[in-house]
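Both complexes below contain chain A, partnered by chain B and then by chain C.
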Partner chain A sequence: MTPTPRVVEAGLRGFACAYERYLEDPFRLGQFVAVREGPCVVLGVVTDSASGPEDPSRPLQPRGAADQSAADVMTANPEIRLLLRTRVSVVSCGHIEGEAARPTLPPMPPPLLARVEPASAAETVRMASDATFLALLVVAPGCDDAAIAASVRTAAEAFGTGAHEFRVRAGKELARLLRAEPARLTSIMRGIGA
Partner chain B sequence: MSGPNQVGVVVGGSLTKSLEVRLDPGASAALGHYVMAPLDGGAQLLGMVTDIVLRSAEAGSVSWPPPAGDDPASALLREVLQDTGVYTAVEVTPYLEVDLTGGDNARARRLPRHFAPVALADQETIDAAFAVDEKASINLGTPLGMDRVEVCVDIEKLFERSAGVFGKSGTGKTVIAVEMLDARVQHSANRPTSADRTVALVFDMHDDYGQRIKFEGGERASLKGLHPQDVAVYSLERNAINVERRIEIGTRDIKPEDLDVLRDVTSLTAPGVEASHECEARLGIDWVDEITQPVPSAAVVRRLWGDEDAPEDVNWARVASRMGVHPGSFDNLRRGLRSLVRREFVRSGESQVNDVINHVVKTLQGGKSVVVQFGRHGNDLTSYMLVANMLSRRIWEEYREAKEQAQGNRTKEPNRLVIVIEEAHKFVDRALAGQSIFGQIARELRKYNVTLFVIDQRPSQIDSEVLSQIGTKFCFQLDSDADVDALVGGVAGRAALRQVIASLESRQQALVFGHALPMPVIVRPPDLPAVRTPGASLRDRLQQQRPAGAPSPAGLFG
Partner chain C sequence: MTLRMEQVLPQLPAMVSRYRTQLLAMEAGLDAAESALGRWAEDPPAGDAAIRAAMLNSSEPFAVASEESPELVAVAPPFGPLTVVSADGSSIEPNRFAAVQCFVINTGFVVLPYGTGVDADLGSHSEVGPEAPEAEGEDDAGAEDAGPRGWGVNLRRDVSELETGARLAEELSGRSPVVLLLDGTLFPWDLDSRQVAATTREELTRRTREALDRLAACGDDLSVGAYISGSRSSDVVNSLRALAAGDGRMWPGSDGQLFARHLRDGERTAVFRAASERVRNVESLFANQHEVCFFYLRIGDDVSRLELPLWAATPNKVARLHATLVDQCRRCDGYPRALQEAHEQAVISVGDRELFGRMLEAEALRQGLRTPANSKQMSKRRRGL
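Now for the complex of A and B:
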């Protein structure tokens, strides 16, 4: 069973969640995630993911024989995984209240220790269809161009056969938002189209 | 207003220059398209697309354009930037405020608000703009790119003042002229009395207005072919068939003022023409026959020297000196006249033309249009100008006399006459406009019920005063800037019109503007179908409402 991360830091513009231990395949960059606890469903886009020791003063030492892979080392030393954590940063891109999906900041942060789950394809389509969610990502300090491009790629998958139309729609929204930053737009569009 | 016809929204502009309309994604509009935008109060502003511009929202998009190439990322970036970072806008020259509720239209004095929707004009708006729904009108054709819309012009207003068709050779001038005259003749035929009919006197240089018209699209029935009862054909050809009369000119008919207009096309000089006045005064009505002889006749000697002793060796140089004319000018006049009288339709001696003039005038005032065909003389500009000028001058004098005798009694006035001339600049060029009867007709407008319909390739050569009196202008493609400037000079929005004329294609596209139209229009004139119906381009409610088989008003009243 895939472990579920929980909110460990929360704000209106974003939150951080962490797994109980180290995980090799956490949420992916640009993935849409949802916190379904609290008065509304908060949706966000994964902008960063990092793994390391729980206690920064005790850095992880390299170990394992020359012919051992990372998985072999973890299997041989199961206690290590418990001393490590995987942490994911998320930028809020909207929320769902009842039937309404709004690509705006949630009225309040998601509850701490709330479970963070992958957004469903339907939730992703509802939130991303007009691409206005990108306005929150473009201005978020922790959201770089690669994360924005990844979010569009990820959302496009949810649109199935309408993926290209969505990419164009999202691109046009980015062109509008970044009209004074053509180099940045070009960089993001390369990330989307690649 | 947001529908299938919407093309964009107003984003800026000025009343005196143009409105800027940002096109909606995927929408297109071309030069010459009519567009409309709502004004406060319910009226529609009607304007014409006079320029198309590519704009960028910010300089960045064009300073750092997307890379060329077919890779998906570049292609996606180009697609994304369309209508976001870069977009297409059209400039619309505002012309009319159209009241679709039936009120009066007015020149554009207001602008729509920012972001007002702009749509391609529909037939209802075009009809309201041109205000022809209740009047007989001529279908000018379809505005470019608007194939379902017809532009019609009030036929009476079109011929109320002089009109002109201008364009390079092969652009379709003659075809549209035939269409206009066909509608004119048909409309006149529907009028109850001859006095109500406007008739045409066509000087048909290349035999296009008689039975058949030849053009690049083939051969079609022309005025006489379409209206055998309402058009009479006269010809200069000796063996012409199916014509009313042959036109001949007697040497006694040639007056010094008839020579003035020939200076440009013959070797006649101004002093030579001046000498003709002296010759006529001194030698009498046979002056042309006399001075075209190799040597002076006894009659000439008798007239000039009278009772005095004439020198023994009287020659033309002595005759010239006796008349006080420079011998060189006199020789020039003799040479010019000799070349004139060699023409087949010029006969020595008796006056010929008065009889023809009387016949033509009677025909015109009887309600029939007249086509004067030149046959093989059509390629001879001198013949064309001589005959057109002589006939027009005399017919105009008849009309002037009739009009003056009527003394304001409309029932006694002659019917209205439209004189159609080709190569008009030869008749009314800057040097000759003062002398030419056509310059006079143009300047006097419809004072004597006579107007002009000129067809020409070089409007810049026409006297500007005369050109300014041309009410409605049909402008086909013109290459020369001077010609374009001559036509649009003084017209509101001339810079935009100049661009429009420059964009006309070489065939069947015309910019029409002036007196009969509330705003300029670029049209593609209707094609001439293989089987033509008389007055096909005429939109006449009276005619349409008449049941099939019912006699026409003309048939009832003669």
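Now for the complex of A and C:
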């Protein structure tokens, strides 16, 4: 069963979630995730992911012989994996209340310790269809150009055969949002692969 | 600064010099002790008899030989696939200034598989007590913050560690070879402490007995060792002094000092059987199969003592324990990894202690109990001029 991370820090503009243990394949950069607990479904985009010791006073020492892979070292030191955590940062990009999907900040933060799950393709399409969700991303302090580009690529996959049209809409929206920042626009468009 | 360094520092050179002189004087005693060890090894039964006769009226701990020659030095056998389990405890003592006096025992545990396919596990479990007020033991001799000693918090913690280790060993034996490492002595020595209420001692003796019996029932799959780092015990040295009666040279102060020059890194001594009045007092509470045996192990400059029950002193079990300890210590800068991680799981931080105190006070207030004002405690909080 895929481990489910939980919200460990929550705000209106974003939240952090952590897995119970270290995970080599956590949520990916730009992935749409959903918190379905609380008065509304909060949707967000993964902007960062980091793994390390849960206790900062116990830094991870570089171990292992020259011919050992990371998996070998983990097997030879079975306690290490249990002392590590993987943490993911998410920027809010909208919320769903009943039938309405709004690309705006949620009315309240997601509950602490709520489960964070991948957004379904249907949820992603509902949130991203007009690309206005990008407005929240471009102003979010923790959301850099690479994360925005990755979110567009990820959302495009959910559109299936409509992926190209979605990318065009996203490009137009980004051009409108970043008309005063051409260098940034170029950086994101390159990241999208447009 | 309240410590007057200008008074303290000038005294240090003489202090260190005196200790150095003692060490040099002890060299001759170490030679004598090694010589006595050699004589003991020539005829262990005769040596044992001489030691027992000499120590008959002594309250000092001493040792007698096991099946192994007393001067045996064993190198570590190869480390094989097995699972290491360990338990360690931490506690919050009762606070006599609190509205409600109680204690917390937090027992950490680890399961570390090495090539066995068992799932690794780290965790802890906590208990708050006592469940019912009990009679106190002897007076607390003026200790300021000791709380009711009759509850035997340290003893309860030791027993909880042993029970946790027994539970894990029981669960895993049969699935893989298991080595259980405990921190400190094998037996909870406070079982004979009159400061602990008799009813508490009786209950904890029963629980200790059950845990030891469960461990013994695990069979050939299980090795057990209670690890004492930097041991100051002198059982063997006392036995050797008894054998060398009349030798006036300065004798080594501990078995560790003797075996530090006897052993190389990773080597262990023979297994000895512990014998003393106190050992007998506590051992008498249990079946003979749990008689305490021990050996010393050198890792780096540290000579540690490993205590194990008699039933765990078979060649195979000792070899597995020895190999595991050397491997564990190499993984963790000279100290067994499993013990370190069990400690990390058990330790109660200053913040957690304070939080517990606040939560206890809040619950007491909620139930209408008020913390009595105590002038000494208040004066410690109010340090202004």
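General observations
We take it that the second predicted complex is superposed on the first by the 193 of 194 C-alpha atoms of A that agree within 3 Å, B and C clash if a C-alpha of one lies under 4 Å from a C-alpha of the other, contacts with A are read in each partner's own complex, and residues count from 1 in each chain.
The working rule: a residue touches a chain if its C-beta (ideal position, glycine included) is under 8 Å from a C-beta of that chain, and two chains touch if they have at least 3 such contacts.
Owing to the predicted nature of the structure, the values given are computational and were not obtained by experimental measurement.
Touch criterion met: A:82 reaches chain C, while chain B stays clear of it. When the two complexes are overlaid, the chain among chain B and chain C that reaches more residues of chain A is B.
Of the two partner chains placed by the overlay, neither chain B nor chain C lies in contact with A:60. Contacts of A:181 after superposition on the shared chain: chain B is touched, whereas chain C is not. Residue contacts after overlaying the shared chain place A:108 against neither chain B nor chain C.
Chain A makes touch with chain C in their complex at residues 55, 58, 75-79, 81-83.
Looking at the complex, you find that chain B touches chain A at residues 57-58, 60-61, 63-64, 66, 71-77, 79-81, 83-85. Of all residues in chain C, only 110, 112-115, 120-122, 331, 337, 341, 344 touch chain A in the complex they form. Those residues of chain A that touch chain B in the complex are listed here as 167-168, 171-172, 174-176, 179-183, 185-186, 189-190, 192-194.
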